[in-house]
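Structure first, commentary second.
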Amino acid sequence: MYIIMAEFTHFNAQGESHMVDVTVKHITQRQAVARGQIFMEKETLEKIYDSQIAKGNVLEVARLAGIMAAKQTQHLIPLCHPLLISSVEIHFTREQQSIMIEAAVRVSGQTGVEMEAMTAVSVTALTIYDMCKAIDRSMVIANICLMKKEGGKSGLFERKDDSCLPK
Amino acid sequence: MYIIMAEFTHFNAQGESHMVDVTVKHITQRQAVARGQIFMEKETLEKIYDSQIAKGNVLEVARLAGIMAAKQTQHLIPLCHPLLISSVEIHFTREQQSIMIEAAVRVSGQTGVEMEAMTAVSVTALTIYDMCKAIDRSMVIANICLMKKEGGKSGLFERKDDSCLPK
Amino acid sequence: MYIIMAEFTHFNAQGESHMVDVTVKHITQRQAVARGQIFMEKETLEKIYDSQIAKGNVLEVARLAGIMAAKQTQHLIPLCHPLLISSVEIHFTREQQSIMIEAAVRVSGQTGVEMEAMTAVSVTALTIYDMCKAIDRSMVIANICLMKKEGGKSGLFERKDDSCLPK
Amino acid sequence: MYIIMAEFTHFNAQGESHMVDVTVKHITQRQAVARGQIFMEKETLEKIYDSQIAKGNVLEVARLAGIMAAKQTQHLIPLCHPLLISSVEIHFTREQQSIMIEAAVRVSGQTGVEMEAMTAVSVTALTIYDMCKAIDRSMVIANICLMKKEGGKSGLFERKDDSCLPK
Amino acid sequence: MYIIMAEFTHFNAQGESHMVDVTVKHITQRQAVARGQIFMEKETLEKIYDSQIAKGNVLEVARLAGIMAAKQTQHLIPLCHPLLISSVEIHFTREQQSIMIEAAVRVSGQTGVEMEAMTAVSVTALTIYDMCKAIDRSMVIANICLMKKEGGKSGLFERKDDSCLPK
Amino acid sequence: MYIIMAEFTHFNAQGESHMVDVTVKHITQRQAVARGQIFMEKETLEKIYDSQIAKGNVLEVARLAGIMAAKQTQHLIPLCHPLLISSVEIHFTREQQSIMIEAAVRVSGQTGVEMEAMTAVSVTALTIYDMCKAIDRSMVIANICLMKKEGGKSGLFERKDDSCLPK
């Protein structure tokens, strides 16, 4: 809980949107890890994992979409700074009724890569939805959140709640 | 439940990805409605709604990002068809601990706009996250799903579960 | 002068931005012509025209930039509809202290191409500025306006003031 | 006036276009400020300022478009270098018959941000035009020019003529 | 051989580039098939095919890049018309010392998709190069050509020389 | 020939695609030179060179397309890193039945610019094809390869076979 809430950094004193000035910030190594899940029918989940080898690899298509989207973050999120991201990894974990997506993004830059990691997870999930929607329109993308953030002036952030579920 | 699961439409018989052929499909009016929520601290929620007039309108920035992202869907989702979307509306509902985002997209085209609506919701939510992350890094984007889809050969889809929560 | 001013079409009744619904509008042939000028030192102007053949064609680079920008209009102007523009022509006229740029854009579509023509003129002018800025930083881009618009429900618009100067 | 005019930097000795080599230039802090105006009917001007709170904020939409366009400059202006812009601010001043737009862009980079500032002003103006064109098609975008440029080898440039009017 | 050569369609009578006017052309179903090869060391070729299942599928990454590039054609090739491509298929054939890439693109539109097919082949080949360059920098992309083109006023084109080798 | 082939760098140990981590690599000056040819009818070749001055400059349009494409490389090649390229030069050499295209790209960055140079050559060739296809559909793009690469940990690469022909 906050006693005195900070102002929104993306607005100036007049309440006008701007791209925050990071001109004088140091270039440091930064990393962010984000997560999300896509829930689906058990049959859909089985089909994704069973089809990987002979019938088409849904997850590999989604992974590439996520990596490419990370590079588009500055053009999707209006007030994001451009950054030269230097690494993107996307991993999938099969769960009971969902696929857990985790994206880790790194950079040597003047500002962090939280949005790049969050965007990578989101577009990966959207692509899984697209690939499977003809057989399961009821899939739900959920629990997208930042797990960890390192580097830069604001230092380390680590989400304690490992499950990422909304409270 | 499906007795015989359909194949993934985005792979051909050899399991290779392709853009599904819609060349001979008729141009019809189509609509899709998607939803999602972003959960946050109550103080963050209050701040977003209290600041709208004098201190910066988070939701209007997010709405524009969502509309512009709908137009980028074909470049974000690898196997999506290009479409000339003819309408995008994004609405917000203030809830207890979250903001509900609803996007409605329309088109006169050869294929549907589910992905455009889902993408609009996702990028709207990501932008809210970006605008507020300096004061609340623990926000969670959740329950993104298709609510409704009309037009085209596959006809009407309506999600019965109004809450969009993963089962 | 307007007795009763129309509402802004890009906002709904609640003052929220949206992409205007053109789903049911007919596909008709539409055209728009826009103009603008870039003012510069006489020496710069001479240099542009003298160098065309042997030392580099500033105007041809600018023309291509303008044509390509017309195709990006939907991604630059937030609430613009995507359109399949079917023709772009950009012409230059040498004047006393300026170059007059005129762009004509055509489409068979559900909405007009004013913004595509205005964007083409603007980016053409910006590119001339970029090409010449090392020798003349004081150039001024001016008098960008819509000259003519044909087709669609709102019918013909023709600017009477041929010079395009602000009143 | 120039006794011996410099060559166009964007063409090589053979008159062929190229992206100027800045590989060995130092990374320094650079800033550019550009300006422009959009002239309109007084009623349109009043409507923009009166509608801001309840009926839709034209200027905030335009501001975001300008900021996002600054990030697209390298893809709009053919021979521009890519840059990691680190700050964008866009301000509006209400005048008698126009809105004055001023954009300030900063970077730590190998080359300057004049084009980013000029592009931000242009796309901001185009978006105001788009938002208002249904009620006033005769608006004129004018007097776009560079006001100031700091940093880098060529040093400080400051426009003396504050009004930015073409001579 | 041509007795009287036609003019370049992408320039007008004054030798200025333009986007050819197709406003009044009929919407018809059109298809284009293009081909190309990427030559490499036998060990590289073996590695690509042996690694597909367990160690990473080079060809599937390249295929997706090709499909996505087809959708970017209008922004890569300056005077290309935007089109709503309705199908893209990319196939690979393993040859002695190369991989043959074939792309088929379809559209219902006012102009053809040759450039989309040629672009898909090119970017597919470039991506194979990128994926393998750390182990074989000497790969050569060759023999990219149009094999077939159907639909539209100019009718059927079929390349007789099946091998696509330069004469 | 390789006794022990290296693994594909774009896949991790599990065979999953990723963007290789270059976060800790030093920023050094790097350069890459790529080449390619476009073969055509002699009449087409003559027409391109004869028309340059009065009837339209095919090669200048293609050159600009190549330069602009170099800046898009990161969005075309899925696993490429974003880079701030600092120089692009594209040269043409008239040959018997072809035009030789050479692109040189430079950067101060954490990774090399081979793909930027290869992409520049490819899109330059595709644009020549597009500009001339109405008079010669049988053109063939061939022999695209890396000629030279300097800078960075892997050091100098120089292609011995000057002709770039596939073996």
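Going in written order, the chains are labelled A, B, C, D, E and F, and every chain counts its residues from 1.
Rule of thumb we're sticking to: contacts are C-beta pairs under 8 Å (C-beta built on N, C-alpha and C of every residue); 3 or more make two chains touch, one makes a residue touch a chain.
Source: prediction; values computed, not measured.
Novice: On the document's contact criterion, could you list the chains that touch chain C and likewise touch chain F?
Specialist: D, E
Novice: Just curious, how far off is chain F from chain B if you go by their C-alpha centres, in Å?
Specialist: Centres of chain B and chain F (C-alpha means) sit 37 Å apart.
Novice: Any idea how many Å lie between the Cα centroids of chain A and chain D?
Specialist: Comparing mean C-alpha positions, chain D is 32 Å from chain A.
Novice: On chain E, where are the residues touching two or more other chains?
Specialist: Within chain E, the residues that touch at least two other chains are 16-17, 53, 57, 60-61, 64, 68, 72, 75, 78-79, 83-84.
Novice: Once the touch criterion is applied, which pairs of chains come out as touching?
Specialist: A-B, A-D, A-E, A-F, B-C, B-D, B-E, C-D, C-E, C-F, D-F, E-F
Novice: What does chain C use to touch chain E in their complex?
Specialist: So the residues of chain C in touch with chain E come to 29, 60, 63-64, 67-68, 70-72, 83-91, 106-108.
Novice: Across the complex, what residues on chain A touch chain D?
Specialist: These residues of chain A touch chain D: 12, 16-25, 74-75, 78-79, 81-84, 109-110.
Novice: Touching residues of chain D toward chain B in the complex: what are they?
Specialist: Listed in rising order, the residues are 53, 57, 60-61, 64, 68.
Novice: Provide the residue numbers of chain D that touch chain C in the complex, in ascending order.
Specialist: The touching residues are 1-2, 5-11, 15-17, 36-37, 39, 41, 43, 47, 51, 53-58, 61, 64-65, 68-69, 72, 75-80, 97-98, 114-115, 118-119, 122-123, 125-127, 129-135, 137-146, 149, 157, 159, 164-167.
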